Every structure is written in structure tokens, then in C-alpha cells.
């Protein structure tokens, strides 16, 4: 056993940074807090790389397969005799991979933000929140048990809330942050219920125990518990609900586009590369349970992923806010990953989908972060989010243009860039599992290429727009992260994922299946071609096309009215039909009853005041009749 | 029977002597010096009170008509203390010009009624009981009509004398039937012979109504409010505290010793009466604005609570009743003391006049607050303990629902007690009662109440002392 | 002698007197008349006591004593009551009971 | 002298000392010092308690002291603490300490204010150390009654109405309680032997089941009224809205906990069979409380009303968890009491401070306060996050323990209710974020807010005390949970040892 206790430091450093910057940040120069945050994260990144190298290579000589290692664990809270919440660090292929993704992207975003956030109010607050987020996310991926994961799950949620609402004076940002938090919170309720069911039936929260093929979860007796599905299936579906919320899967995706109200680096870090893939990570983490214990649940995962990816891709084609396009693209890509997990089996080559999903997660983190950071640089230059305000920017922003192009090609899945490799594996896995899903993915691949290049051309080509001030390239502190990420986006595809990150820890052989890869590349090229035709030079084609699709276009443009549905549910049903009646009921019926009691006492008091008439003889009457009544009652009526 | 045996009657004898002494001294005072009788009378009564606590002879006199034991002596002492406080509190009022000539009458009448109560407490037969009862009632009517230039006072007097005459007529009719059916008026003989024949039940009910009248239980309470309101404040406090307390003492003793054989029956009666008394008393108290009238109804409600001590029929019940009366004396005298101090200085008796009192007279307000809290049964003051023990005794008889009704009534009563607190502390007033200093005697009287309200509850010896002399229903 | 008039006669008389007294108390408006009604009640009680003593328990004298005491007390009561009634007359210029209702509710 | 008696003595001495102060400054300092000592004492108590336990002392109650008070009725002054009471005492001293500083600026009848406040506190302390039901009841009422003056005199809005309503409803609750206590007393010992009020002694005896059936509702509702049990909670919104800051803090933070504490110390502990039989009724009621309070809070406009309804919801959860009657859920209930006590006290403190500046509590009249008062804003956000159960703050620990514990029941009824109760965390998020979003974020609605100052030192001290406690429990809950668990063990054993059938379902 190798000692990985130091991995504890990886989340701990950002946490201490958060406390430090949070408490003392307002006293130091803004730039100092940025530098402190960045350097702290750099250390964490270095530690992560060391861990990865040690885990995958240096400590792994002569052994086949990767075991999961509990680097360290303490008891945080005793719940029942069996259930204990521990806090610890679990080292296994996916967590190490996530460490790399998170620290890399986070470090890039930190560096980038030093430039991007310059002159903003609350500079130190931004870095404090970034550190908080990094801490939570790292804690999440290192979780040794599902409850620890839930804890950090909530923490990333709140960091996301804080960062989306960073510009808290902007009502739209506040609304978006609320929406993000509440929607994911709702999903987390599912997660929690899932945890409750799962932990009650298995008697443990621990991942190692849960995912062990001989563990209590997988060997749990099946049989329909409710609506024809087993307890385990139900619990996993509930848990997946949490994942779907965090990963913005249909229909819990509504918060993600709005979350773009946050500063762009935040979108890059949280809403593209790391937090939103937490759902994928969650499913991957429990993958053996899904695959071996409850394939039904996995089917749900696959379909939700597939539908989300198509749904998002269609919407992405119609949006004009560049960050929203990217947001829908993110949703679509995460759909891919979910689908990959959903179509996967367990062990060996069956686990191709698992590997592909994680692979895509990895590559996606690189190119999507790059896209967002690039978008940030563009927004920084033109002070607008809307692609209608842009055009012809390639002259002004050469570095941004180049890196953005690389990212677009990558996401479109053109070989030999990384996106191609990971996407191809997913296609293969889907092909082996379900042809319908597979064809959806083909369609999405084309759409992806189309909307990305629509975006690209609208920004950098198209009509030459006049700008108030000449846009100029971002400073190096911002462009260097772009270049680094571009490097990652290009070369990440060559990593031997099938040897490193697999469903059962054992490496397997995988080859490129040209019969699937070539059509997919062709479809992508078709999409690119379409986009080129429509958007490279300003022309009337897009409008004509929109006209052809008619209502379809309108629906997609309005995001299939999902926001309106949610608004209806929250405003109309929850506010108008539950909360207001409840409040009214409380004030008028429940409280009214209490007041009524008081008033009745008062009225009775008024009613009987006539007895005290002040007349002596009436007193006599009452006296005598009282006596006689007592006699009547107790001498004649009472049975004794 | 030697002459020394008369020492058994020490309380009554000394009191009678005191009455005569006051009369004689008053005769020898000049017109302008009449007020000097106040310190003399109070001083004498103080001595009497102190002497009352000295070890006393117990025994039976006049062939069983009169008896004393630890309990009766204790009861008399409790009453003495109460009266002493009332006397202290009434000095301001008595010193007023208008009372010039008749100050001594106040003492004579008041102490005469006290003699009557003492005889009642010590009575061993119905004749003595009746004698004491009338002695305690008739001078009271004169006291009620004390300020004879006030129509209200006269009205109070006539209402009291006529209603009490009616009630004692009915009571006497009951007594005559008891005598007719048992052939005796001695408690022990009657108690041994009593059963539930209709005539005896009827006789008991008639007797009970007479006592209920004295304690002002519903529906025999109607005189109470009017008489309380019309009488001078200190007389009212005497009515509401001493007279009521003594009657409660006697009622519980008679119920426990004489009518024990029909206890199952009178428990039902008491149940009914208690519920009505608490409820009606509270309902009326809610709407009162005159402080005296307000306390009159509150004291009716309190009488209802006392019934809970009687209904238990056990030792706790009697101890709790005596204890409660003791606590009640201090609490109610605290409240009446404040009212009398204010009334004597300003003549204001309405609750509205009390608005903003705390700002000008914080000490009086605090005493008033303590008193009403004690009356409401709020810890840590004594009223809480009194009420708790009373309800405990009822619960020990299994009367949980009755206890529940009683506690709910206590909650209602808290409402109007809080109204007083609210008036003093919270309500704003443009012309609050100005600050004033009471004379020393009044202050002593008020302070004694405050002390009693605090000490009696916490000092468990008081309860234990009472418990040592009480008894359960005879079986 | 005791055999000549049955005890019931006395008791009926006394009961009648009792209720007549009560009736009088409840209906007469003059305070003095009300006082007289009270006396009727007390006298009915006296008759009761004497009768019971005489007929049922001739061996003791408790009933007689009680009667004597009641007579005495009734006199005292009447004295005080009349004094107060005089006071009422001074204050109200009337001894009609219905006028005496200043304090109520 | 027994350390526990000091918890009553120090407030009383403080009160006496306050009487001799001559100006506002002295009064404040005396109060602060008195309650500071109390806080330190609480710390010492926790330390002593833990070291006793570590030394292997297995007694149910530590620092036990027993003195006869009323021998004939066998009323004793019996005190002693277990882990639960220690935790509650610590909570109380923290909240009271913070409350003193939150009311630093009270200038109207200041002496009386602090006296009443500390009197209230001493009632609460007395309640938590009592093992004799009589003294427990005494302290209970003692704690309730100063509320009337505190709200009526120093409150705002329809304060007289609210004060009266609160006092009367709570007293009506204690009327029910009274009956229960007397009933328990008369069945506290086998026939023929000396009756007792001592909790531990009564627990050894078995109250006949018919009596339990009769008395349990009295005891439960009696305490439940104070614990804001639906539908007896309506004193809470009005009372809290009208009460001055420190009083709201103490009331919601501590006094409402008396309800929950009493429910399991007296009602369930002494009458377990009836508790099992009737639990379903009250589970439904408390389940309603939880969700209903949360929904009620969603549309309120007044900050205090929002918090009051949220208290209904959270305190409902306490009773809910207690009724689950297993160790984990009850442990959660106790943690929830502490957590909610701290949280809600913090909320009320902040609301008071904000109100003191803006002179309005209507959220739609405010906005963007984060910019002008960042300290208060940040603390408010943290309090909000604690309230909606963010990990790392105390609310999460409590809620999770409750939900996991409640879910240990295998039957559908309990599970469905658990899920219903758990759904309140979403609604909580809705109203908390609504407040935070409207109040602190967004543009500033009123120009005059621009001149407002951030928190003063005493306000910072007050809020930080609470905040640190919240974070401490939230981050390292194990010691607290273990402390409570240890003491819950025998209680739960007693409750479930005689379990017949769990409810109707």
C-alpha cells in the first residue's frame, strides 16, 4: 500500500485559502489576493499531478489494474450503528483523473481571472469563492462515501450560487443564481432520498463497499418493490436525479443557461468543465452498482443523456448569446457522457462506454474551458455577449481566434484532435448497445459541428461590425491559459484512457472503429460546411432556413418553453396555489380560530352580564333558584 | 371545668377585650384626637397577633360547642395576620378628615367580625357556627355602609345585609331540617348519623348554599361585586380576603367532618359549582374597569379554585386549601393595598387611571404586578405554589378534567391580570397618577405583602407546618 | 298534649311561612317589607326547631336554644338593617329596592 | 456548591446587581459580564461533563444533586445533567450572551429590560437542569411570563396584541401540561409507595397504559404548543414579529426548544407505550408543521414573519424527529434544536440590526443592502445557508441525522412522511434565497440606505458568537453527536424496550 495521505492537502489548501482570503482579503491589494489564490491552487495542481503520476505510473510498476485506495479517512458523524459519515480521500482512476481536470482547469481559470477580473469590485471575494469552489469540488471527487459526496455536492452548489450571483447588484444575476440553486437543490432532494434508500438497505455509505461486486448493494436481493422496479433501481434513479440536476440534464437543465450571468471564468470552471460533470462523475462512481445491480437505472441514464444532448443541440443552433450557445453545448456534451455511461457494461471491453464517458469528460473539460475562456476574452474585448454585436473579430484577436478555432474543431470531432477520439469511443459503445441512441448521437454530432461553427463564423468572420473602441487582444495573463488549454485540447486525445480509466480497473484493448468514425467525421464536416455557407459571409440563408423550420425554429429559439413551464410551476402553482393559500389559511383559519376563541369568551362575557343587574331581588331570585336547582338535581335527578 | 379552661378561648377572649378596650379608649379621646386611636388599636392588635402565635391550650369547651386544636389556632393566626396587614394598609384612608369621628367604629366593627369568624372556626356545633356566622356578617354590613354619605356605600350595605339575611334564612332552614332528622346539632353526632335520605340531602344543600354565599360561589355570588365596589377599599379587602378565607376554612372543616358520609354526593355538587364559579367569575372579571369590582370577580374565580382543594377530600386537599388561603391573603392584600394607597391619595379606582403608573410609582406597580402574578399563579411567587397544590389535591381524587378546566380558567384569568400589568407598564397616559409617598404604616403593610408573596412559596416549612395539623376526610 | 296536634301541621305551617317569606323577599319593593319577609323565614325556622325539639327529641333542649339565639340575632340584624335603610333613605330619598341599583354588570 | 446551581444563581445575582446600577452603561456592562460568566461556566460544564464521561462515569445524570423541598408531596430540588441538557445549556448561554449584545442599544427602561431578559434566561437554565417535574414546570412558566413584558414594552407593531396572544397561548399550553404532570405524579410509583416528581424515579415505574393514553396528548400538546406544533403555532409569527431583537432571539432560539426538550424528557420518556400508539397522529401534525411552515414562509413579506414561519418548520422537524423514537432521529432532533436555536437567534439578531437601520422589515422595500452593510449581509447569507442546510454549518448535520434516522423505520407511513419532511429543504431554499436575493442583492431601492453604517462592534460580537458556534457544530459535529448519543442510549432503550406495535400502519 502506498501512502497517499498527502492528498488531503489538495482540497485543504483551497479551503484554507478561502478562509484566509475571505477574512483578510478586503485589507490587501486586490492583485495580492489573486496571486495568493492562484499560487495556492498551483500547489494543489502540482500535488494532483504528482498523485496522478504516482498512481498511474510510478507506484504501479508490475501490477495489472488499478485498485481504489483509501488515502485517509476520519469519522465525521455517527448516525446509526451501521451508518457513519466519514470524511476522507479515495484514490482511484476516476478520482485521480478528476483531480487533474479540476486543478488544471481551475488553475487556468485562476490565472485567467487575474486579468479578466481586473478592476472589478469584489476582486478578493471572487478569488475566495473560486477557492471555495475548488475545495468543494476536490472534496467531492475525493469522497470515500456517498454521504461525503453529498456534503461536497451541496457545497459546490452553494459555491456555484455565490459565483453566479457574483454581480449581485444585477437582478438578472441574482435571479439566475437563485434558479440554479433551487433547481439543483430540488434535484439534490432526489439524491438525498436515493442515499437514504440505498444506505438503509445496504447499511453503508462507503463507495468501496457499495461498488464491490460482492458488496451489499449489488448482491441485494432484487424483485419489484414499487412499480415493477427493485429497491436498488429506485434508489439509483433517485441518486441519478441528483446527478441530472447538477449536470443540467433534461428536464432539470433550466438553470444552466441562466447561470451564464456569472463572470465568464466561472462559467468556464464551474458550468463547463467541473461542476456540471459532477453528475457524470456520480454515475461513474457508482457505476458497478448501476451496471451490475440495476441495469434499468442505467437505461434511464442513457435515455436522459441522449435526449438532453439532442434537445440542447437543437436549442444551441438558435441562440445568439455566445455564452448561452456554449451552455447548451455543454449540456449536449454532458448528455453524450451520460449516454456513454448508460450504454456501458461492466468489465473489460463491455466497459467501453464507461471509459468513453470519462474520456469525453476529460477532453471536454479542456476544450469547453477553452471555449469559455475564449468567449470571455471576446466579451472582454467587445463588451457584449450577443453574437449579433460581433463579426470580423479575427483581425483584432489573433490568439483568441486561433485557440477558439482549435476548440471548435475539437468539439466538432475532427481527427486527430482530442474530441474526435473520445466521441468516437462513445459512438462505438452506443452502436453496440442501442441503435436509436446511436443515431441520435450521429445527428447531434452534426448539429454540434454546425452550431459551433455558426458561433465561430459569426464572431470572427461575417459582417464587419463597427465597434465603439477598437477591440484589442487580451493581456498575456489571459491568453496564456488559452494556449495551454488549446494544447490540452489538441493532445489529450492521445492519452491511453482504456488502460487507465476503466469500469473494473483492468486495462483493455480498444481500437478505432473506422466504420463508425468515418461517417461521424463526415457528418461533422457536413455541419461545418453548412455553417460556413450560412455564416462565413453575411447572407440571407439563416433567415430563410429559420423560415423553413417555422414553428420548430420558434420553439427551439424559445428553448422549447422550458423556462415558461418552470415559471408556471413555481409562480403559479407553488406561490399562487400553495404558498399563498397556506399563508392565508394560517392567518385566517388557524389564527382566526384562536382569535375566535378569544372573541367568543369576550362575547359570552358580554352576553351574560345581565345576571349582574344590580337589583337585589334578582340576586335573590338567582340565589333561590340556584338552591332549588341544586335540590332538584341532587335529590331527584341524581341516581344514587 | 376550671377557670383556666377558658384560656382555650384565648383568641376570642383577647379580641373581645380588645374591642371593648378600643371602645373605652375612644370614649376618652377628644373630638380632635380621634385619630390617635389608629396607632393604639393597631398596636393592640399587633400584640394580639403575636400572642396568637404563642403555644396555646387545645381542647373542648361547653360540652363540645367549642373546640380548639392546632388547625383552628393556625387558621385564626392566619386570619390575624391578614387583618393586621389590612389595618396597616388602611391607616392612610382612616386618617382622612371625613372619617374623623368614626375611626374607632372601623376597628370595633372589624374586630367584632373577626371574633365571629374565630368562633365559627372553633365551633363544634351548628349553634356556635350560626352564632359566629351572624357575628361575622352583621357588623360587616355596617362596615360596608361605613362611608354613609356615599350612596354606593349605603347600597353596598343594604345589599349585603339583605342578601346575607336571606342566605342565612335558607341556611337556618337547612339546619332545622338537620336537627329534625338527626336530633342533634353537634358536629360529631350529626356526622355519625348523616346519610343520603332526601331530606338530609336537601338540608345539606340548604346549608351549603348559605356557606356558598359567604365564599361567593356561583350562583350565590351576585352580591359580591356590588358590595365590594361600594364599600371602602379596605373593607373590601377585608371582605375578599378575611371573610372569604374564614368561610373557606369553615366550609372545608364542616364538609370533611360533618358531611363526610355523603362526600360522594357533595363532591358532585362541588364539581358543578366549582366549574361554574371559575368560569362565570372569569367571564365577568374580563370586562371590569373598576379595580375593586375587577378584584371582586377575580376573587369569585379564586373561590372556584378553592373548591378544587375541597373536592379532593384528602389531606393534601385541606392543606392546600389552607395554604392557598394564606397565599391568597397575601396576594390579594398586595393588590388591595396598592388600590387602597392610590384610592386614599387620589380617589382613583378605575383601571384606566392606572395607565402609566410604572413611570411615576414603580414600587407600587411592582407590588401590584407581583400580586396579580401571584393571583394568576405564575412562578416564582407564592400563588403558583398555592394553585399547584390545590390542583394536585383535585387530581389526587382523579378529577383531571376538572383540573384541566381550572387551569384553562387560570389562563383566562391571566388575561385580565395581564390587563392590569399592561395598564401600568405599557399603556401611555397623559396624566398619570403623580408620584406620592405613603405613610410608614401603609408601607409596612405593603412590604409585608411583598415579602409574603415571595417567601411563602419558596419556604416549604410553611406548607409542612400546615400539613402537620390538617386532616383528611373522615371515613 | 303533644298528641293533640300532629307534627305535620307545624311543619306544613313552617314550610309555608318559609316560602311566603322568600316570596315576599323576592317581590316586595319596600325594603322594610323585605326585612319583614326575612323575619318570616327566620320564624319558620324557629317553628321548625321548636317543633322538632318538642315532638322528636324532647330529651334535650338544643332546638329551643337555637330558637332563642335566632330570635336574638334576628333582632340585631333588623337593627343594623334598619339603620342602613335609614341611610339609604337619606341618600336615595326612597326605600324602594328597585332604586338601589347603581352598581351593576 | 453544585456547578449546576450556579446556572440559576448567576442570573439571579446579575439581576440583583442590575438593580443597583445607575446608568445605561453600567447596566449593559453588568449584564454582559454576568452572562459572559455564564457562558464561561457553560464551557466549563461541557469540559467537566466530557472529562467525567471520559473517566468512565456511566451515571445517567452527572452533577446530581438532590434536596428535599416539600417533604409531604415529595417535591425535591433535583438537578443533574446528561449530554442533552449540557448541550442545551451551552446553547442557552451562547444565545443569551449574544442577546445581551444584540440589545446593547436598548435605552428605554433599560434596567427592566435586562432584568426581564435575564430572568427569562434563568427560567430556561432552571428548566434544563431540573430533574424534578415540579421544578421543571416552575421554571418553564417562569421562562414564559417575562415574555409578556418584554414584548409588550419593548416590542414593535401590534405588540400588545401579540404579547397577550403569545402569553395566553403558551399558558394554555402549560394548562395541558399541568394536567399531564399531575397525572404522571399520581402514577409515579407503585401503589402504596411514596409518589415522586423525580424523572428518573418515575421512569423506573410503569404508568398504566390507560392513563398513558389519557395523559400523553396533554403532555405532548402542552409542550408542543411551545414547540410550535401545528395548529397551535400561531402565537409564533405574531409574537416574533412584535418582539424586540433579543427577545426574538431568546424565544425562538431557546424557549421554543423547551417544547422539544420537554416532549422527549417528559412525554415520551415517561409514557412510551402511549407515545408509540399515538405517534402517528402527531407525526402527521408535525409533518404538516414542517412543510406548512416552509410554504407559509415563502410568501411572507416581513422578515420576521419569514423567520417565524421558518421556525415553525424547523421546530416541527424537531418534534417530528423525536416522534420517530429511534436513537438517530432523536439525536438529530437534539442537534436540530441546538442548530436551529443558534441559527434563528442569529437571524433575529440580524433582522433586528437591519431593522434598526432601515426602519422597515418589509423585504420589498429593501434591496442591495449587501453593498452598504457588507458585514451584516455576509452574516445574513451565512445564516441563510445554515438554515437551508448547507454542509459545514450546523443545520445540515441536524437535518441529515434526522432524515437518516427517520428513514430507519421500515414501514411506508414513516418513510413517506420522512420524504415529505425532507422535501421541506427545497422549499426552505426557495424562501431563504428569495429573502437574500431581494434584501441583500439587487440594486439599492432607497437612496437613504446609502448612508447606513455597517455593524458596530457589539453587533459584530453578538453575531460572530453565534456564527462561530454554528460553524463549529457544522464542521466538527462528532463530539456533540457522541455526547448526545451517549445520553440518548438509555432513554431510547426505555422508550423502545416496551414498544408494542409501532403506530397504526
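Per-chain numbering from 1; labels A, B, C and D assigned in written order.
Operating definition for what follows: a residue touches a chain if its C-beta (ideal position, glycine included) is under 8 Å from a C-beta of that chain, and two chains touch if they have at least 3 such contacts.
Computed from a prediction, not measured in an experiment: that's the story for all the values here.
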Using only protein Cα atoms, the chain sitting most centrally is D
Two candidates, A-D and A-B; the one with more touching C-beta pairs is A-D
Taking each chain's mean CA coordinate, subunit A and subunit D are separated, in whole Å, by 36
Rounded to the nearest Å, the gap between Cα centres of subunit C and subunit D is 65
Between the Cα centroids of subunit A and subunit B the separation in whole angstrom comes to 77
Expressed in whole Å, how far the mean CA point of subunit A lies from that of subunit C is 97
Subunit A residues touching 2+ other chains are 609, 612, 614, 616, 620, 624
Residue ranges of subunit D touching at least 2 other chains are 168
Expected list for subunit B, residues touching two or more other chains, is 158-159, 162, 166, 170, 225-226, 287
In contact, pair by pair, are chains A-B, A-C, A-D, B-C, B-D
Given the complex, residues on subunit C that touch subunit B span 14, 18, 21-22, 25, 31, 34-35, 38, 41-42, 44-45, 48-49, 51-53, 56-57, 60, 62-63, 65-66, 69-70, 73, 76-77, 80-81, 83-85, 87-88, 90-92, 100-105
Subunit A residues touching subunit B in their complex are 601-602, 604-606, 608-609, 611-612, 614, 616, 618-620, 622-627, 630-631, 633-635, 638, 640
The subunit C residues in contact with subunit A across the complex are 22, 25-27, 34, 97-98, 100-105
Listed in rising order, the residues of subunit D that touch subunit A in the complex are 165, 168-169, 230-231, 233-235, 237-238, 292, 295-296, 298-300, 309, 327-328, 368, 370-371, 385, 388-392, 396-397, 400-401, 403-405, 407-408, 418-419, 422-423, 425-426, 429-430, 433-434, 437, 440-443, 476-478, 481-482, 485
Per the touch rule, the subunit B residues reaching subunit D in their complex are 316, 319, 373, 378-380, 384, 388-389, 391-392, 395-396, 400, 403-404, 407-408, 410-411, 414-415, 418, 421-422, 425-426, 460, 463-464, 467
